[in-house]
Each structure stands twice: as C-alpha cells, then as structure tokens.
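Structures are listed in the sections that come next.
Each of the next two complexes has subunit A plus one other chain: subunit B in the first, subunit C in the second.
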Partner chain A sequence: MESLFNIKIENGTAKITLSGRLDTSNAGALSDELKTLIGQDIQKVVFFVNDLEYISSAGLRVIIFAKQKIGTDTRVYLVGANSTILDVVKMTGMDNFLFIQDTYQD
Partner chain B sequence: MASLKLSASMENFDAFMDFLKSQIEDEISEKKTLNDILIAGEEAIVNVLKYAYPDQNGELEVIIQSLTDQKGVSIELIDDGIPFNPLERLEPDINAPVEERPIGGLGIFMIKKMMDVLSYSRDNKQNRFKLIKYY
Partner chain C sequence: MIQVDSFPTHTFGEFKLRPGKPLPFGATIVPNGVNFSVFSRAAYSCELVLFRKREKEPFAIIPFFDEFRIGNVFTMVVFDLDYEDIEYGFRMDGPWIPNEGHRFDKTKILMDPYAKLIGGRDVWGEDPDWFDMYQHRARIVFDDFDWEGDRPLEIPMEDLIIYELHVRGFTRHSSSNTKHPGTFSALKEKIPYLNVLGINCVELMPIHEFDEFENSREINGRKLLNYWGYSNLGFFAPKAGYAASGKFGMQVDEFKSLIKEFHRHGIEVILDVVFNHTAEGNEMGPYISYRGLDNKTYYMLSPDGYYMNFSGCGNTLNCNNPIVRNMILDCLRYWASEFHIDGFRFDLAAILGRDQNGAPMSNPPLIESLAYDPILGKCKLIAEAWDAGGLYQVGSFPGGSRWAEWNGKYRDDIRRFIKGDEKMLGVVQQRIEGSPDLYKWHGGGTCASVNFITCHDGFVLMDLVSYDHKHNEANGEDNRDGGDDNHSWNCGWEGETENYWINRLRVKQIKNALSILLVSQGVPMILSGDEFGNSQFGNNNAYCQDNEISWLDWSLLEKNQYLHNFVKLLIKFRFKHPVLRNNTHFQHRDYVGSGYPDISWHGTQAWNVDYSDWSRTIAFLLCGKHAKNGMVEDDYIYVAMNLHWEMHGFQIPSLPAGMSWYIFSNTDVEPPFDICEPGYEPILENQNEILVGPRSVTILVGR
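Here is the complex of A and B:
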C-alpha cells in the first residue's frame, strides 16, 4: 500500500493529509517536506489522518519534529484518527501535546 | 516456521515487512493485535538494518513461528552485528515536555508495550532478539 501525503498552507496553517502507512520507508520524505515549513511563520500544523492506517515510531517522530522544530508555539492537531492510531499516540504520551479532534475546529 | 535471511540494508526493509505481514495476517483476525505485531516487528527490524553493522555489511535473519502451547506467534531476529541488547535501553520519559524529548528511544519503548515476552541473547557473536505476542 502506498502512503500519500499532501500539504497545503493557508494563512499560517499547514494542513497535511496522510493516508495509508506512515512508517520507516516514507517518514523521511514527509520530514523533508515539513522542514520547508521552518521559518514560514506557521502557527498551526494540522494532520488529517482519517485514511491513515498504520504509524510506527518513524511516523511519530515526524509529528514530534513538527512540534519541536517548526516552532514551539506551533499548535499541532491530529484530526480523524482511528482507534489503532489513537492507541499508539496515547501509548507514547503524544496526546500530551497534540490537539486531538474528530473533525477539525480551530 | 518460516524464515527470511537477507542483507541487513534499508533496501530490504519492505521485503522484511512484506514477509512478516504475509506470515501473520491470515492467522490473526484482531486488527489491533496484528497492528501491534507489525509495529513492534518494524521497530526491531529497523534497529538491526540501521545500527547492527556500522562498519561492514552483514545479514539479518527473521524467523517466524506459531506457538504450540498457547495461541501466539514468535518473531526472532538474528544478526552477526555489534552486540546490542535492546532490553537494556533506558525507557524514554514519555511525560517529558515535548521540547525536551529525545527523538530516539521510542521504537524500543513501543516494542515493550506491544509485545508480551521479549528475550535477548548473545551467542557465537550473534544477537538473538525474540519477541512473542499471545492472542
């Protein structure tokens, strides 16, 4: 299964749609995309993950990266996660710093 | 029992993961269980591919077995790389503020959370890391 991601930037909000798998084989490519957001005055990074089925630590690191490197005041949202993804997020304590929502509300 | 032995390079990451998935997906109907095993397997495989052979080329063998005494599966990873006991890694502080989190260490933590029994041995200059999940 291919994983696809799509990034749109609107008014200081980066909207990133993830689908399929976010694992060791493609997390680096997403991380490279996110690096282009550094210094762009991004206030919010919103991951839409309705169609994301699998995330490993490589994928989680990309989300941590978004919070650490794009800006510590940047709010990071995780929207539409299924129970499998939520289990992993909670297990690793990432729910402490993510805004977790079923549908996006800013 | 099934096994796959390939060069321990990231180019073979997909081959190892496809092998693991093909061996367990018919056996395990519960999605969360299947997912836990795939994630733990990925973390363990990637550790070997990235770190076991810093100065030379080498191989990784993955052996998958259904358990007989209890419903479950065992995944064993064998390599000839540098000694590395994943069970001795310190756990990351998952409650630390995000700014202070190290980017590493999560993989092993997830393996410990997702699998039921882990064992490591070093014999004949080989690392053997075994992960068991009951279902």
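Here is the complex of A and C:
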C-alpha cells in the first residue's frame, strides 16, 4: 500500500506530512527524499503524522535516519502521533531524541 | 560507486541470486539483497525456506546451488527481498544414522543458529499454533541503533555491587506500577529505584529467546511455564516476549534502549548466558535448529549416538568442538559490541571445560579463548563453576585471573554461620577476606569471588529465615525438585506468622546477612527483592512459576521500608569505604607503618579470637591506612558479629591517638536507629567495649 508523503521546505525547516501506512514498501522512497535534504542546512525536520495509520520498524528507522544523517544538530519533531505510534517510540527509546508534540509549536 | 558483486548471477524462478559470502554466518543485509550463510559438515544439500511474516506456508523454497557451497558452508545472496517482512529457515538433507550421531530430516525447517531476531513467541504466554511447521522463526535484524555515544562502563570489578534480577518477574506484579509490566521497557522505568538503592550492576537472568511453553503443564489449575528461561532457542536473539514492542519485532531496539539507559545511570549490565545445552532436549525432543543442521557437531554424544546429559536438561552443547566454540565466541562478541554488554555470567560453566567426550580438561580452549579475546577484553567473565554432571570447580575453575566465580562456598558458609552452626569461625574468616583459601593461587585477587547469600536458585533471603524446608509442591513434582541443603532456619515457626518476636528476628537475620555480605572483600551480589523482604512462600526452585510466587511484590517495599533503608545505607557505606573494596588479598601484617595489620581478627576480647567449636562470636578490624594496598587513606572499620543467641560484650581494639569510634549500624536496635547515613555516625559512648545483642552484627567506624 502506498503511503502519501509530502515534503515542504521553509526557512531551514523541512515539514513532512505522512499518511496511510509507512512500511518497507515505501520507507525506502521516503528515505531517498530525506537524503536530498543532506547539506541543505536544515535545522528542523517536522513529521506530521496525524493521518498516519501504521508505522513499521522500517518506517521508524526513516525517522532515526533523519536524526542521524541530516545533521546531529538537526531537531526532529514528531507531531500528532496516535497512542500506538507513541508507545512504540517510547518503548524503543526514540523519545530521547525526538520532540514529541500534539500540535506543532516552534 | 556500484560494486560488481551487487548484481545477480543466477536465477531461480522469480528470484535473482548469486554466490554469497561465507562469513559472517547468518543473514546479513547487503546491497540490494540478503546474504545467507549456514554451516553443516555432513549435509548433502540445503534449501532456503522463505515465509512472509507469520504466514503458515512458505512463499519460496530456494536450493543452494552446488557452486554456492564453500567447504562446509552453504551461502548465497537473494536479491530484492522485502527483508522486514521475511522469516527464513533452512532444510538440510543428510544421513539419518542415529547411532553414528546423524539425525538429518529434510522435511524439517530449521532455525538459523545465528538468528538475531526470532519470531514465533512474540508476546509472552500467548498460546502458539502447535501445528505451525516452523515454530521459532529467524528474522533479519537492522543494526542502525543510535547509541548516542554510549559505551560499556568498565567499572573496576572490586567496585561492583551486582543485583540479580528476572526481567519479567521484576515488574510483572500488579504492584510494580509500570506501563508495560514484565518487559524491558518496564525495567527501564525502574532505573530510578535502582539508583536510589545504589547498586551499580544488574545481572539479568536469561534474556535470550527461549520458549516459555517448553515443558509447560497445568498443576491444580495453574499453568506452569518455563519461566526462568534456562533453555536457549537462539543464542544471538533477545527474547521477544520480554519486549513490549516484541509484537512489532522491535525487541532488539527496546533492549538496546534499556542498556543505553542503564549506562546513562551508571549501571552495568551482565547477561546470564546458557551455553551448556539447548531447548532441543534429548532423542525425543523437537527439531528446532542444531539437531537438524549438524547434530554431531553441536551436541556431545555417546559413542552410540545418544545425547550426553551433563546439564540435567537432556543434551549438552559440544562447547569444545571448534565450530561450536567459534559460535559461542561470535555470540559473545556480538553482545559485547552490538549491545554494549558489560559482562557475562556463564550458567553451569564447568561444562565449558569438558572435552568432546565429556571429560574435564585442565586447560580448556574455550575458557582460554574467552579470557584472551580482544573484543571481550574488558568484559566481566563470571563462571557458575559447577555442572549437573557432578563437576564442582569452585576455587578450581580453570580460567585464570580473567575469570571470577559464583562463590557457592561463601553462600553455604555464611548461611550456616548466620543460622548459628558450630565450628564456623575459621571458614567465615576466609569468606570475609575474599576466600584466599580458594583464590589466593588464582591470580585474580579478591575479585575472583562473587559473594552471595541468595540468588535466583534456592531460597530468597526472607524465606531463608522463614522456612526450615523447601515447599515446592506447586511445581508438581511432589516436592522432590530443588535443593535440600539450604542451611536455612525458620526462627521458630515454619512460614508466615503474626508473632512479633519471630518476625523481628527474621528481619534482624536478614540485616545480619546483608551486613556481612557488604563488608566482605570480593564482589557482592544481591538478589532482587531481598532488600524489601520479598518472599517466594518457601519455594526454593521457582523456575516454572510465572505468578505471584516469583513476581516481586512491590507493596512490601512500603511495608518493609526500614529494611530497604538499611540495605540502601549499607550499600552507600561500602562505596564510601575503599578499605572494603581491596582487589588483592590481605597480608595480615602492617606494610605501611600504621601500627596495625591490614586486617586483624578479634573475639569478645580484643586481639584474641575464641576458636572453640561452640564459639559464635568474632570481630575484625580493617586498618584504613592499608586501603587499596595503602594507596588511599580510609577510616578504620570494626565489625562485631555475634551469632550466638545470648548477648556478648566485645572489647574493642584501641585506635591510634586522636581517633574515636563511631557507630554506623547495629542490627539489634529498632529502626530507624539501627543504621546511620555514612559519615554522620554518632560517637560511641564507651570507647572500650560494646554490647552486641543476641544474633546481631554491629559496625563501627574509627576516624
């Protein structure tokens, strides 16, 4: 199943809206998109996931990728995650380096 | 640059393949595909069986072409696999000649011995599908965890205080107040508790994938499971059922996240590893992996092909076969490098020193390889130096100075001393000094001895002072299982009681035990829950009890808060005083010119121990100027132990001019006056003598 994602870049902030399912079938494509951000002086990557129904471990890994590869100083936000997704994020310790918000605030 | 070897050279049906790399073994993600590699010396041929996650029927069975075999290794790359959604196994064709040790069955789907993620028991206790043709399913792991700069802590061995715990039992009880009880994630929530207690190392009972349903049965309406998990399915995979995220296949990430958090809070992680046998049992057992891959290599067999049973669990892993030895080494290196594990405790380690026929070796290659391995170079190596085949090697484990041992003699001797047995003073001196009688020749100093009074195996501390006999009826084996040599004493009543004096004595005996443990030279190990009086209701072998018998009851923490406080301050006291943590044995002489020997023994009269058979009073003085071989200066410490049922006056050795005795703890006094914040002890009124109550231990500090 195809996930829809949409990337907008404004003033050093990459805003990525995810919907549907994010798993191995489309995580690679998102990862490729994120790679294009490397070297573009991105300070923040914001994932809007209100409409994301399911995220597999490969999907989570794309988010880890954002933190590790785009830049160690890049701040990564996860906005609007439902409780299932939040649980996985916390259990696996990703909450250590993500800014988790209900609605996006600078 | 795109490498030439990332392109397929062969096809099989819709699959694109090429010859793989034999090393590393297992399944490895490579550009555009997955490299599979598996060993078998005696197989004729091998097939790779691929399933989509949790599906009953495979979607592909791909043979390893002849040119994909190198030596005794079958290896190929399969391209374009959706590796997150794959479960894989092998089928091996080979001889079926049981009396020569070969048990190949080409119909069985076998798990990869190097599987780093294993599906099939994703949620603890969820009934499996017994008709599934592939029960324990190898999966492919990602290794992109962000360690955020973490590394093993490398705390000096003599500075460790080990805390043994069962991942599930620690937080499963409803009183644990955690979000996902019984998991790695819940254990992470308890780190602040462990920080308050003050321990700096956790030893986790087996966390490798095992099948909790192995030998499961129902006794009196209670389901018994393989709860402890001393029965490995795979040596490389953390147990999915211990991870709250196991149902998402993310147990590797969850466990790594736990270790990172432990390290961030100054706590090391030691794994209990079980390399003595596997879950495949004896001739009647199931085909899971090793038996069908190469039975004769992986197991110790009798000349007519039967399984030797030095483990008491049906089979014995053939640890000193070079293939198996390398697998063990690969496994430990993987845990040390990929999971940042700080050390290992080897279950029934005496088996690791038996040759391929089962005979004990004087210089076993596996033990030596582990001691000198570069990657394990800073890992703690701790042996349980006995096995179920009668080999008892406490004090003679052939590992040299790199290896420490669970000191079973410490446990037995201190238990007998506390209970009030006669003729114990001589051995108790040895135990408190770090067992030089056992380890002086060994070269590892006091750190060779892991001192403990209780561990998962046997009575918990509250039961040690509440029961004369084991009560294992709930295990359904007519109370025949579990040890009988408990050296326990119930203090006057078998089991729970409302009697104030009995309960008071029990708590005092617990405090006596932990006082002695925490002022002994060597590495102390505490069993989780003992610090707040957790009970197993007299069960001394709770291996199958996944219920209130073995789960820690956290409501006792409030009920026994004074006991908890006592233990917490004892731990703090040990850390404050380097003289309690020497890494070499005492010399019984003054080598720094302080006028006092490093350690001196006393009785009710200073400088004069009464060694009569019936004497149960003894004391020792540690000279603070000899701390760490005289390299640091510490206070003087005097410990008076009266395990007699009468009160005794102890004449205290005098201190150098200008110094005075202060009283740190006295187990005979009611809390909160039984112990002080270290450094804030009140001065002792009578500097020449103290009264030590019946069955009591008093600790003084001289400064």
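Basically, the second predicted complex is superposed on the first by the 104 of 106 C-alpha atoms of A that agree within 3 Å, B and C clash if a C-alpha of one lies under 4 Å from a C-alpha of the other, contacts with A are read in each partner's own complex, and residues count from 1 in each chain.
Going forward, a residue touches a chain if its C-beta (ideal position, glycine included) is under 8 Å from a C-beta of that chain, and two chains touch if they have at least 3 such contacts.
This is a predicted model, so every value here is computed, not measured.
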item: Fit or clash - subunit C, subunit B, common subunit A; value: clash
item: Which superposed partner A:Asp87 touches (first subunit B, second subunit C, both, neither); value: both
item: First, second, both or neither for A:Gln105, with subunit B first and subunit C second; value: neither
item: Partner chain(s) touched by A:Ser57 [first = subunit B, second = subunit C, both, neither]; value: both
item: First (subunit B), second (subunit C), both or neither touched by A:Asn11; value: neither
item: Which superposed partner A:Phe97 touches (first subunit B, second subunit C, both, neither); value: both
item: Clashing subunit C stretch [against subunit B; choices 224-232, 242-250 or 530-538]; value: 242-250
item: Subunit A positions touched by subunit B in one structure and by subunit C in the second; value: 23-25, 56-58, 60-61, 64-65, 67-68, 87-88, 91-93, 96-97
item: Subunit B - residues contacting subunit A, complex; value: 10, 13-14, 17, 31-32, 35, 38-39, 42-43, 46, 94-95, 97-99, 101, 103, 106-107, 109-110, 113-114
item: Residues of subunit A defined as touching subunit B within the complex; value: 23-25, 54-58, 60-61, 64-65, 67-68, 72, 83-84, 87-88, 91-93, 96-97
item: Parts of subunit A lying in touch with subunit C, wherever the complex brings them together; value: 23-25, 56-58, 60-61, 64-65, 67-68, 87-88, 90-94, 96-97
item: Contacting residues of subunit C [partner subunit A, same complex]; value: 82-85, 142, 144, 146, 148, 180, 183-185, 188, 243-245, 248-250, 253-254, 256-258, 260-261
